[in-house]
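Could you have a look at this structure, given as structure tokens, before my questions?
Order as written gives the chain letters A, B, C and D; numbering starts at 1 within each chain.
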Amino acid sequence: DELRRYFDAVIDADQKIEPRDWMPTGYRQSLIRQIAQHAHSEIIGMQPEGNWISRAPSLQRKAILLAKVQDEAGHGLYLYAAAETLGVSRDTLVELLLAGRQKYSSIFNYPTLTWADVGAIGWLVDGAAIVNQVPLCRCSYGPYARAMIRICKEESFHQRQGYEILHTLAHGTPEQKVMAQDAVDRWWYPSLAMFGPPDADSTHSQQSMTWRIKRFSNDELRQRFVDMCVQQASVLGLDLPDPDLRWNEQRQAYDYTQPDYDELMRVIKGDGPCNRQRAAHRRAAHAEGAWVREAAQAYAEKQAARMREVAA
Amino acid sequence: MSTHLDRLLALGDDALVAAQRLGQWCTRSPEMEEDVALANIALDQLGAARLLLSYAGELEGAGRDEDALAYLRSDREFRNVLLVELADRDFAVMIAKLLFLAAYQRLRYQRLAAGEDARLAAIAAKAVKESAYHLDHAAMWTARLGDGTDVSHERMQAAVDEVWPYTHELFEDEPDLRLPWLSTVEDVLAGATVRRPADGWAPGGGRDGRHTEQLSYLLAEMQVLHRAHPGARW
Amino acid sequence: MSTHLDRLLALGDDALVAAQRLGQWCTRSPEMEEDVALANIALDQLGAARLLLSYAGELEGAGRDEDALAYLRSDREFRNVLLVELADRDFAVMIAKLLFLAAYQRLRYQRLAAGEDARLAAIAAKAVKESAYHLDHAAMWTARLGDGTDVSHERMQAAVDEVWPYTHELFEDEPDLRLPWLSTVEDVLAGATVRRPADGWAPGGGRDGRHTEQLSYLLAEMQVLHRAHPGARW
Amino acid sequence: DELRRYFDAVIDADQKIEPRDWMPTGYRQSLIRQIAQHAHSEIIGMQPEGNWISRAPSLQRKAILLAKVQDEAGHGLYLYAAAETLGVSRDTLVELLLAGRQKYSSIFNYPTLTWADVGAIGWLVDGAAIVNQVPLCRCSYGPYARAMIRICKEESFHQRQGYEILHTLAHGTPEQKVMAQDAVDRWWYPSLAMFGPPDADSTHSQQSMTWRIKRFSNDELRQRFVDMCVQQASVLGLDLPDPDLRWNEQRQAYDYTQPDYDELMRVIKGDGPCNRQRAAHRRAAHAEGAWVREAAQAYAEKQAARMREVAA
């Protein structure tokens, strides 16, 4: 009918769908799922880096890291707000996260073992996020696209900070260089896995492409990321832990070893090193804060009642 | 009498230790907005600490920069008041500490912003605005908790009772600030239906480096990485 | 394949980290007799750790003594299983960890006591007796908690469920020990009316220095003083 | 009457009163108070030193310290057992401690700020305790006297360990020496105050002397302690923080500055640096352990019931 024709026309014209516009149920559900997962990833993603705030090795790095983790909380808030425009409340989404019924990016189920991991997360994980997210700035759903523009700007700032951390370490003492290389060794394949399963196995991709939520396939984005990293790694003076990484003249791209997708599946299913820890941390913070949220609610109600009394 | 350098270290250490405690709330606070707000306050405190410690290091003239002062002193050399180092047993204790600290820092920075030392005055002029925001934030939560549910009222009262004795030390150097401080704080507590504790026990010693047993644990964690790599750049 | 030196470090680090966690119960346990008992077990673990690390240092031949190995390695260099570094969230978790560790150490030390390395055999011969006592103690508490009140039963079950996945790593090097270990542990759990969890998730990495995020905090505290005074004697 | 005559005769003959013997109510009450306070001091006294177990700077020192704190728990247990022979249960005494209705030695209301404090506690605090306690080995109440014999033996071992810690520090790096001197500066006067108020102000002393619970006055014991420490301090190469400390040829003893008894009274009344902390720690451990003690109790009852069933 007409609503659907309008929707299709907007998508075809590469224009934006806005909250009040009609949209197919599948489109709405797909977006909710994706935006919620993205929001959850920002919130859970605060933990691995938050782990180093108290121990950051200089006051400047401490300030930068604290600001970064704060930005992630902010990104979470934008994204929940974007999801709310689709008619689902933030509380509902948070409950789904706490109940383990919605996912977040599996990369955050790996531990941050050293300070260099903060650098590696910035460089590789934020780097991969940006490659994933830049196309989302042109996503067909307006509120999501606009949130992504703001987020991508901050993410690229974060990525540069991570790169700088690694650069300083890689050009520092021998122990610092070892620390940096060790972090890259541990984060490289999980970062490649951030782009999801190979295109052949990707379930949601085709429909998302049609709807212009997604614009490139998992493998296209992964290749783009690899090509970007190879060059940067050589400036850093660090090795990417892939002996088969080499320039392919024909493809005009780097050949590389695929990440272990079986491991990715295990981690997604809950058996990564930190899945239980991340969920327990989030649940504990939520549970321990319950009395505070209840107090704020009770206070707001009392205040409203007082206002009404004054007005009456 | 404390010297100008002592005063800078005292202010800087207050801010640094407060930032360290506040930073630990990030990912742990009762709501996401509060993660953002507390990180903001921690960043303000950290920013002030850096300016103050850098200045202190230059005044001292022994080649110590902000990091040398932050990472390479033991608890016996830290000059912060005990208030800021107390463990944040719960959200109410953290808010009580922030309320008392911010009300004090606002007055202290106000005075310093009008003082003779131009560099310190500039630092203080920035910090006084931040303190006003911290005070607002703490006052808002004191009201919400104090005048919220029965549970939150009890916890807020217990927190204020627990922290109150440590507020006396804030006024060791400038006792005349206590009166205006009391005026602010008593208003906030009254508005929050929280009883203002009686004065009595007044622990101190922080300005002379005699701290609680908690500070050395806080510093052990804060300094571990820096100390493990002597002379490294970060 | 792990070398003899790797094995000594692994055993020594297991004991050292276990001692560090157990030592934290002193003054905090549910009854005074338990303060004494846990301190005893901590002292046994610490004693074994010292003998094993001293021997490891000599074998290595790089001039590192027990303290150099305990205090000057980072968590990436520690070789303990993850089980021992897990935080003791409550008394039941501590007991579950001790039960699983002691049952393993007893078997491991039994085998080593009959091994070819005479010095290690002597260390193991002493330790095997201690492990038997630790196992008894843990088994007694598992029964008391598992078959005590409803609350304690729930907590003991939750603790066993939480810790169980980490027991797989104990048998990475000598998988044939798992069968006798299971036989001991299943008896204790059954006697305590505690359900034996299903096998599944099997986290590891400790023997290669890939630990949980908790170990670096534990070491930061343990090493802080030693590292603050390089080269000092104590 | 006869019982009292027998009691007086035993005291006069410097023999032991045993649990089954008749004794005046005041004697019993006085002993309960003193033994309980002593037991509480052992238990609370575990905290300041326990504070350094996790951070002891060598594995050997860690083992020695852990064993020492464990000994203190053991001393507490003997002493509660000795008090129980007077007809008061340990649970009752522990409740009185937790409720703040019985005291413990005020020395434990000072914080242990550095590792050297562990040495200073061993040397000065255990040293003062020994001077106080050696005469108690001849106390008229048998169970207390026998507990003290065992305790004093271990205490003198502890004192030597503390002395060794300070000796090592005082002959170590300049920072270590500063640390040692700083600890002695902070612990000296509180240690002197351990002997209680000056004889003129001491309330319980005279009756305790008559009953041969106590054998020397506070000031006599304090003097003995000062004389002992002066000599040891010089071997350590550390200064006692008293500019007026000097040999008095006439008295054949050292003149010294009295501790601040007003401070002592404030600390006894609850306003020392750590009174609240020590009490809160003890109460928290007790409260957190409640479910464990209840489980042990329930289990014991079930086991007893099973035994009866088998027997029936």
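Quick note on the criterion: contacts are C-beta pairs under 8 Å (C-beta built on N, C-alpha and C of every residue); 3 or more make two chains touch, one makes a residue touch a chain.
Small disclaimer: the values here were computed from a predicted structure and weren't measured.
Both chain A and chain C are touched by B. Annotation: 34 Å between the Cα-based centres of chain A and chain B. As a whole-number value, the distance joining the C-alpha centres of chain A and chain D reads 58 Å. Annotation: 40 Å between the Cα-based centres of chain B and chain C.
In chain C, the residues that touch at least two other chains are 74, 216, 220-221, 224.
Residues of chain D in contact with two or more other chains: 55.
Chain contact topology: the protein chains form a pattern that is neither a line, a ring, a star nor a complete graph. Counting only pairs that meet the touch rule, the chains in contact are A-B, A-C, B-C, B-D, C-D. Chain C contributes residues 16, 19-20, 23-24, 26-33, 35-36, 39-40, 42-43, 46-47, 49-50, 53, 66-67, 70-71, 90-91, 143-145, 147-149, 151-152, 155, 221-222, 224-226, 229, 231-234 to its touches with chain D in the complex. Residues of chain D that touch chain C in their complex: 43, 46-47, 50, 53-63, 66-67, 69-70, 73-74, 76-77, 115, 165, 168, 172-173, 175-176, 281, 285, 288-299, 302. Those residues of chain B that touch chain C in the complex are listed here as 74, 216-217, 220-221, 223-224, 227-228. Contact residues on chain C toward chain A in their complex (touch as defined above): 74-76, 200-201, 203, 205, 210-213, 216, 220. By the touch criterion given at the top, residues 51, 55, 111-114, 182, 186, 270-271, 273-274, 277 of chain D touch chain B in their complex.
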